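Listed next: structures, encoded as structure tokens.
Note that chain A is present in both complexes that follow, paired respectively with chain B and with chain C.
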Partner chain A sequence: MSEPSVTTVAPAWALAAVAILGALVVLAAALDGALTARGNDAASGAGGGVATPLWEAARLMRQRRRRTVEADGMLWRLGGAGLVVTAVLMVAVVPLGEWTIFDLDVGVMWFNAMDVMVWALVWLTGWGANSAHSLVGGYRFLAHGLGYELPLMFALVAPVIAAESLNVGRVAAAQENSLWFGLWMPVAFLVYCLGVVAFSVWGPFAPALGADIASGVGAELSGVDRLVFEVGRYALLAAGSAFAVPMFLGGGAGPLLPGWTWVLIKTVSLLLLFIWLRRRLPALRPDKFMELGWMVLLPAVLVQDLVVAVVMVWRG
Partner chain B sequence: MDAFARSATRRAHVLLVEVPGQWRTRAAVERAVLTRGWSLAMSPADADVLAVCGRPRPQLEKATGLVWHQMSGPRVRVDVADDAPAAEALDQAQARLLGTEHHRHDSDSRPVAAHLLSANKGHDQESLNHGSMDHGDGDDGTMRHDGGDESGGEGMDHGSMGHESMDRGDEGDGTMRHDGGDEGGGEGMDHGSMGHESMDHGGHGGHGGHGGNGGNGGNGGNGGNGGMEMAPGGIALAEGGEDRDGLEMDVLYVRLGPVLPHWPAGLVLRCALQGDVITEAQAEILDAETQQRHAGPTAGPAAGLAAGPARILDNTVSLLALAGWEDAAAEARRVRDAVLEGGDRASCAVKLDRLRAKVARSRVLRWSLRGIRPLGHEELERHGLPPHLDGDTYDRLLGMLERAGDSNGKLASPLPLDKLPHLVTGLDLAAARLVIASLDVHELQPGHVHDETSGA
Partner chain C sequence: MVADIGFWVLGLVAVMAGAAVFYVNSMARATYALALSFIAVGLQVLFLQQNYVGVVIILMMVMEMAVMAVYMVMFMGMNPALMPMSMVHDSKKALAVAIGTFLTLAAGVLLVDWPARRVAPPAEVTRALGEELMGPKMLVMAVISPVMVATIVAGVVLAAHRTRYDRFGDDLNHRPADDPQPGGVGR
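Showing the complex of A and B:
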């Protein structure tokens, strides 16, 4: 285990990582725009909705920022901007084929720490606006968090046990010439995907931004503040998809093409799947989901971890 | 720069204000918004265009004005009369959104927040039954509760109830007594804040948090200094109260409506919230008197044979959207629009069947809506509610889709307004919104609210 499985590149390459993340965000938003336009029977003149991210960004940059009475402006904006930063920090430990920006020994824990940070950031966005609906939204997110976070942590444990390492590159390398972790630990993979959708406040996990509370956490956001918040959500979804690749989908493994292309292909596929799912499922109400999280998901991933551990001991 | 402004208006967000009785106009605007690739706004902060559907009467006009103040520029207001083509109104809105010079001027001439807050305070107090209630006395003021709580004739129920039949009067007792004990003055301020933002305000939640941190000391302080410190920036802090487990918990007064997506037109629900649980509520319909003096709301374009099914589908859209299922909500909207357009019956029926099957198939939806506010036959009868509201929220959703198939269906008779608080008290906001949407409200009938307040 002494041989590093990936090469650390110069820090300046972080800009490239941010650019890739940005491209993924635009791609995801474009697909979501197209699906929304189709669902609403939008006229073809509207361009099929693919240009939505462009127009939406222009609109929000032209719109004035707005603040509420006695808002905690700093914490409020910190929440939105923090989401983007968190997403960037997440992808920092994801190897793109054989290169990585940050070859951390405890990369998996790093990712986990980042996703916990999202709790604070989303809640702060809800709290800072000093508005009842926003605050209710913030607490809804925390309620969801109580349901998804522990299963997500234990889902991350499964590949770690199998790879005997917390280093993301090693986890990816452990799947070489063998079955992808996502295939032989499907429960962990599913719960992980659920967790990614949840910490991105996406789809069924969007009651924190629900129509019933005038978009909750986002109720008071306008202009650039809203733009940053929305970009942050897409970026988290993209970062979560990217992290799934070394953990569950064999990293850069694949025929013909070089490793980095496979990482991108797998990331994009998973991301588009998440986008597509958004409109198709009803919301998981936080109070109901809590029960599901603790009574079903948590025991299921624990059993998954046990199975993985037993298999490893038996093999070793 | 010009190209930038143009692309910025390619996807404007529109906040809808519906005048009671004008649901068809609202539906038309909604469709025009979506087919041109625009989006429906969920809050004033999110909106570029404020589309007022119908002619608002004074109270709703005032609320609309407050929403307007909360919109950030560039902003445009369009009034869509009942027979005007919606698409033209939106074209107009887009053209006006482009006028950068105008918007610059608009933002320079805005009133400051402090001015708005003080301008609205007085009005709120008098318009709030709550505000005129039992404040400023330290004893527990039982007498006053009967006068103060507004659900007519229900004062009689006092003391007779188990939880199920508990009515508003009873609940009022618990919380109100507490208020009386805790706070000396400053009540006016407190309630003053309830009204001033018609929609997404109430902002004081954040400070409620402070109160919690400070522990009970905060409460003691309240009684003493009343006034400024209790209302930083003119918005009152939450006050203390007992929650359903008898523990100390902040009570926050928040108004829901009248400008809120998927919400019955003209309805305002004044809620006392502990966390997001409604511990007490009071319903009001804006412009109730003026509305009755004018022609009945069934007049106008809403009267018609296809009205019933379309209206039910419209409410189905709301319920599905509130349940967070966008695909199904969009599909229900398409069916509604097909019915409203008077498309051929057979194809509408096929579309409706498909929607019904889709909804019935979803296990997640069933799991999510099952068990929310079940209503039995007796309870419905006792409250004078129609028998088709039988069952829980999921049953009511399926019932709506069932009734939407009756192509001769007429608009349902008005639902008595004073039953609403009873139906949502004790639920959290999400559940309360689902329940109200599941009632399939075609029109609300103002209760006897005014008689009671005058008796206070």
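Showing the complex of A and C:
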């Protein structure tokens, strides 16, 4: 219990955190729109698809809600809207350079608890519509979850062992003047990235929203509900990228520029990498990924934890 | 003052959500009412400065409820839990047991002579709590946990319908394994 490594700012700054998260969502969606337009190769309208997400948002806000028979409206809305809230709660513990909103001593566990919330929320979105396809999508997500969650948890353990603290600010501070954790714990970093992509239902982990089941969890989502759900996915991806910065990428460390700029630069870089990778990786089938997660990822990340622990004991 | 109000409101949420488990008529709502109750309890534990324990309660319980919802819907027998259904059965006896338990516990809370605080709480209350709970029994627990895992694995192996002879053939040389559900690593 020494002095805190970051300064806690007034709660009102949470609005600034939400604004930054919103900006990251717009940026990510714009890049995704541009990449989609380039992939389609057709006339993509003004700006080469960059503005597509904004037009899509405007369209969804005007669209009338689709209703289904005997839908559980409360759980359905809760699931969709909860994703954005979860993402905001995740970034609450991420220090922006030297400032943080919520300097929790167990910040890493907090992030972990929030990413588990996504299990409940995505399944509820699938359940609420009372539609077979969307429920199948919900189950697909949980099947993925059983495969990715434990490796993700043990991936978060590695930097914590090295920093000897669950406080996010201290984990970042432990990388000052030394090698970033992402570089000397590559397995943990890769598995963490996989986990972020997975809890955002993104790229290889999108079968829960697959076209083969009429877009699964999102099958019956329309209007504002769909908009909020999609924003939630991008926000989770952005929050996961932001959390990787203090955990694996040295926090605010970097030459010339102030710490907070480096945090933003690193977050945006990782986020854009995730967006770009979406089209480069094949989908992981939930049934097959389960074995991959337990037979390959989990042992690999446990060995990584062991290596980190041995190195830390060696250093004394 | 604000902290007190927050604590009591969370307590109220926990109790009401717990009661809602038996009031609602949908498996999903019952499951997630229970999850909400646990989240409120976890946040209350944060008020007790047991940050680690509080966050772990939220983490474990939400995960458990997400998995439980799957099993509840899957195994609910004749009524496959996709339809509205009652969450209570044998309600008179259950009510009697519930009220009896509540009265016993409440009486215990009121009658026990709670000790007054003598010294300031230690800097690391979670560690202190662990020492107090486990203390000299730590070695026993450390030995028991692998035994428990071994028991679970052995139980699953004994209960499993298919053996390695079903998977690999009578001479155990059939590759890849003959599985009804193919895995991802091609064993």
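Assume the second predicted complex is superposed on the first by the 312 of 316 C-alpha atoms of A that agree within 3 Å, B and C clash if a C-alpha of one lies under 4 Å from a C-alpha of the other, contacts with A are read in each partner's own complex, and residues count from 1 in each chain.
Criterion: a contact is a pair of C-beta atoms (placed from the backbone, for glycine too) under 8 Å apart; a residue touches a chain by one contact, two chains touch by 3 or more.
It should be emphasised that the depicted structure is a prediction, and the values quoted were computed from it without experimental measurement.
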### Query
Where does A:106 make contact in the superposed view: on chain B (first), on chain C (second), on both, or on neither?
second
### Task
With the two complexes superposed on chain A, say which partner A:127 touches: chain B (first), chain C (second), both, or neither.
both
### Message
Quick one: is A:296 in contact with chain B, with chain C, with both, or with neither? Answer first, second, both or neither.
### Response
second
### Query
Touching A:287, do we find chain B (first), chain C (second), both, or neither?
both
### Query
First (chain B), second (chain C), both or neither: which does A:59 touch?
first
### Query
Looking at the overlay, what does A:142 touch: chain B (first), chain C (second), both, or neither?
second
### Query
chain B or chain C: which reaches more residues on chain A?
B
### Message
Let me test your reading of the model: by the given contact rule, A:72 touches which partner, first (chain B), second (chain C), both or neither?
### Response
both
### Task
Kindly classify A:204 by the partners it touches after superposition: chain B alone (first), chain C alone (second), both, or neither?
first
### Query
Touching A:315 in the superposition: chain B (first), chain C (second), both, neither?
neither
### Message
Does any part of chain A touch chain B in one structure and chain C in the other, and if so which residues?
### Response
72, 127, 139, 285, 287-288
### Summary
chain A contacts chain C in the complex at 1, 72, 74-75, 104-106, 109-110, 112-113, 116-117, 119-120, 123-124, 127, 139, 142, 145-146, 149, 166, 285, 287-292, 295-296
### Query
What does chain A use to touch chain B in their complex?
36-37, 39-43, 45-47, 49, 51-52, 54-56, 58-59, 61-66, 68-70, 72, 127-136, 139-140, 204, 206-207, 210-215, 218-223, 226, 278-285, 287-288
## Note on the structure
chain B contacts chain A in the complex at 4-5, 7-13, 34-37, 42-43, 45-46, 48, 70, 72-74, 107, 113, 117, 199-209, 232-235, 252, 254, 260-262, 273, 275-276, 320-328, 330-331, 333-334, 362, 364-365, 367-368, 428-430, 433-434
### Query
For chain C, which residues are in contact with chain A within the complex?
26, 28-29, 32, 35, 51-52, 55-56, 58-59, 62-63, 65-67, 69-70, 123-124, 181-185, 187
